[in-house]
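Note that subunit A is present in both complexes that follow, paired respectively with subunit B and with subunit C.
What follows is the complex of A and B.
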């Protein structure tokens, strides 16, 4: 028992270290590009229009820099976390050699994969074989960018990332990766790959519909597609989340009809979340829906022939996709960056930290040490980031737990579950939510 | 200019056309970055490393497609049976249905305020979805949702 606690604490320590590394790196990169370099430019070209112009351009680059820094490090962390967590669940050690307590295992793997020989199998379509990992990875990067606006609590520097059709755009983009899988599987001239790619296409078209219907229902309740607005609607205590019907329970006191409607709405929202999570697991090919790369049947499925950096891209993209769907769930259902205990604690912390920062001597003078600290620490973004990190990685750990728990579906069970259970349920829930809202 | 929920968020100062152009520009930028990062940053880097260090040495055995250690019996580019043809047809129907549902979902509150009838828009959408549901039930009954 004690050794189990010890192992769990080691895992927690590793996770906390990595999360600090990821978000410290992203935070520093954003600060450098968004605050420090523009300040240097404006200092150098004192108040000339050209200086202002270049400073603005530099600030606009922040979301792109954040994505470029965030995605590789985050995927490395998630791979390591998955391996360590699976080792925990199956009572093994897991990778623990490279770096302190296995901390650098995936960094070493990344370097190894970068230097590995890139093999194109005989008879393969070389162009498609190279394009497939790019087409598989690009959508997850493109989808992360608008979500960054919600993650950062609509920080002004991320203004460019926040597009008005936010969630619609994210959903549209995140259905592209399957094209990359099918391309790669067809191009690699391998029968295992081909079967994996075909399964992947069948799975993607089956689980896309319930997933999108669940999101559409949330958009119906929110009345907007903008991820930042949807997150802001769930401000306050946790019963304001869309997971719990966006404050439906407050209507319980309004008479019997409203009470019944409120409780039914709550149940509908819980079911919607379950549908979303199931569909998301299938979309990103996680166990129990990992038929495209079922290693006991298809060697490695669609990426059997891939090696070196192309394989690494497939691997990174899978984990980035998992992160994207978990972030969508956190923003749409779990209140985004808002605290689950109401905003009192948050506001108190933000005001306190803000006051501390304001009282630093000489912080008005640009490029002084106090100014550096003051511009680096942004209390409200910090609190939003901490909450959303907690929510997203809790969902990621849940996905890993599901992987360690459930066996794989058979393909006919998979299609039946998608078409005969989830889609009718999602349609019924959409209609039910439409009417229940009117009764409140 | 439209006065719907789409414009509501941006006030009257924003012209819809400007908003649209801006969004297209942003999306183009995102797409360029999204393809540049894996394309140039990863595959390009690995390719450059191979050129510099010269560890790219293909040979016939290494490049053989993997088939459990045996020489492959035939090419994998063969005619194959897509089992999910009917599912794909249904998928197209449902996907387009979602595209129809989304604008309705966004305007339903606005309709409620402006038509002074809170039941009109839910009932309309229910009729639309019932037609789809009947279609799904028919496909189910006919055995289109059976994986053989």
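What follows is the complex of A and C.
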């Protein structure tokens, strides 16, 4: 077999295995906390108020459990996927020795990092130095929670995660990490770190504006800040995505003005997506915007002095942030968990499978084997999960491909590009989209 | 009181406190162990002082305490990315003093392996330079793909991948192994397309252009004043290449062009200059393979079956131009008394070797003229008023190699 094809197939095998592990684990944990344990409690303390109370508390914990299980193993997978994908792009093999197909490489790395000496440099501000990675990491965990509701199609288990101003909350929280970077760089008492931290602050402020403007434009089109509603508006075939103007092309046959407006709207939306992706790359410090940690200039930038578990947290948070921005893009522009082909075939299959499961003998009786299977296998959530995984990881692989191709900007060029190109363009698009929507 | 901090200097930037940053010798991007004492005003470089000597191994002194036979093996280490050139410079100087006659086939072999070595050196530069610019993970591996092929060929002929010890006083070490010429021919045919591939990714890349165009401008006069040589000099518009202006070996029999740029002499010019040099070196190798007396090693082996590889000086298949070595290679290797200087055009510039011999088994005195050392001297001028991010972009573009600086 062609060796390139062979390597790609090995990579695909690895990715599928990992994704199954991640989402299997998350779903199992959610099911345990949200379905199984409440059922046990309810059965043990039937109809007592305390039992109901504890069962509710258990259900409320589901989003937290999901995130706590998901974030670390997902970041581990993304590190491995990135290394393997970069190896593919650069005619190498990548880590393939630890565990089958190198599956456990990041686990081994994590263990190594956890057992390394945790050094606080002399002259560093110890408290700030320790707090910085936590402040960097914590927001990326809590930012994902509303997105859980969107990507699971507002599944009842994640009901508590569904807040009406979801995207506002996500954006607000995900802009906190830069505080952690600046804190860490200042507390390190290192000139390289300081330069990296200040660059990071400047960059995050500059690129958050076009990013938020792009998102605001989508919210404007959707008329809501609720991520679940935004995702649901993009149901149906892929031209209903906000990436393609949320069904603008359907208006092409409504006369010449509407046709022109529809096509312009489509172009505006494509541009908005590009602006979002650019801003997101800058927001999470990926090449070509990785100036805060520019290795060839600043050694390692803001995390130069970090080692051991604190460095591991920085590392983890970086990949989690990448995942978060990709998920936002998938929800806002790519239709969330909805199938890109409309939902005819899929819905039929899901309904059929659901009916089959429902008709298992004894499935109505709580805690019977049939009930276990029935509550554990949820065809509609499974289909949503598969689509969102595909969309998010396509974006992640795109980010890796960009990393494998481009050199780095210089800080002044970065600022020029942000303030003189992206922000004006995003503003123009905001106005243009508003105008064009009226013409349809 | 506060007039000093609020007044704008002539450059139009707000004056702030200066900060001294110590880049290296452990900095990941200083290509080894260079230490740069950088004085910064904000993000801009005010003063640079290269501190060298961290890799000083007394190569010149060792030359006076090692026999010629030992020293010619040692000297590859001076510039470990282009070992052929250092040994070639040493051998040319020694042969000049000694009056050794070099057979034509050996000369062609020398040119071939040296040009191959030039390509590997430039390829490595290309990869690491992109790393300096921040393309950390993708592109830098592609040049290494071709470099591996060349290193395999060089290993096949010399037995070593980097410290070749192939060019010896009196000729070259060995005849090429079977099939070597065919493999090299296949490489030279595919290589131009590979360079096209690199250019497709890099040359017109907008970010690459932004980082290199107009950055680190080296004026013609400044370059000449500081004794800069090699591609960095030619990128500034000075058509100085020893292979052309003072042809040695068989370069006068070969048809090639030396790329010279009449532009600004910025970083992008230096990049293009090296890219074109790789193409030219490839052409030179092709011509050598056609012109080399005796043809490929396989053809020569066929012919020598007639005389059973007799190795006699008057044999038409083994002697004359078809020899590869004229001096006995053992610890008794002697060079006649006298002194002489010889230089070759290495991938980094003019690499010269000055030898005084008293006729013993060691040199009386050896002095090297290393291109990296002279090229590094111009760095403080180049870096002035550039932002900190450009330090490595400019430093990388003059292609300094630290053991070559420190010896």
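Keep this in mind: the second predicted complex is superposed on the first by the 439 of 440 C-alpha atoms of A that agree within 3 Å, B and C clash if a C-alpha of one lies under 4 Å from a C-alpha of the other, contacts with A are read in each partner's own complex, and residues count from 1 in each chain.
Definition applied: a contact is a pair of C-beta atoms (placed from the backbone, for glycine too) under 8 Å apart; a residue touches a chain by one contact, two chains touch by 3 or more.
Because the structure is a prediction, the values reported are computed rather than measured.
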item: Partner chain(s) touched by A:225 [first = subunit B, second = subunit C, both, neither]; value: first
item: Which superposed partner A:412 touches (first subunit B, second subunit C, both, neither); value: both
item: First (subunit B), second (subunit C), both or neither touched by A:64; value: first
item: Partner touching more residues of subunit A, whether subunit B or subunit C; value: B
item: Which superposed partner A:287 touches (first subunit B, second subunit C, both, neither); value: second
item: First (subunit B), second (subunit C), both or neither touched by A:111; value: neither
item: Touching partner for A:274 - first (subunit B), second (subunit C), both, neither; value: neither
item: Touching partner for A:373 - first (subunit B), second (subunit C), both, neither; value: neither
item: First (subunit B), second (subunit C), both or neither touched by A:305; value: first
item: First (subunit B), second (subunit C), both or neither touched by A:89; value: second
item: Subunit A positions touched by subunit B in one structure and by subunit C in the second; value: 191-192, 299, 411-412
item: Complex contacts: residues of subunit C adjacent to subunit A; value: 19, 21, 27-29, 43, 130-142, 145, 201, 205, 207-208, 210-211, 387-392
item: Subunit A residues touching subunit B - in the complex, by the definition given at the top; value: 64, 67-68, 71, 114-115, 117-124, 130, 133-134, 137-139, 141-142, 145-146, 160-161, 163-165, 168-169, 186, 188-194, 198, 201-202, 205-206, 208-209, 212-213, 216-217, 219-220, 223-226, 229, 299, 304-305, 308-310, 312-313, 317, 411-412, 415-416, 419-420, 423-424, 427, 430-431, 434-435, 438
item: Complex interface listing, subunit A residues touching subunit C; value: 86, 89-92, 191-192, 195, 287-288, 290-291, 294-297, 299, 403-413
item: Contact footprint of subunit A on subunit B as seen in their complex; value: 5-6, 9-10, 19, 23, 26-27, 29-31, 33-35, 37-39, 41-43, 45-47, 49-50, 53, 55-58, 60, 62-68, 72, 75-77, 80, 82-84, 87-88, 90-91, 94-95, 98, 101-102, 105-106, 108-109, 118-119, 122, 125-126, 129, 132-133, 136, 140, 145, 147
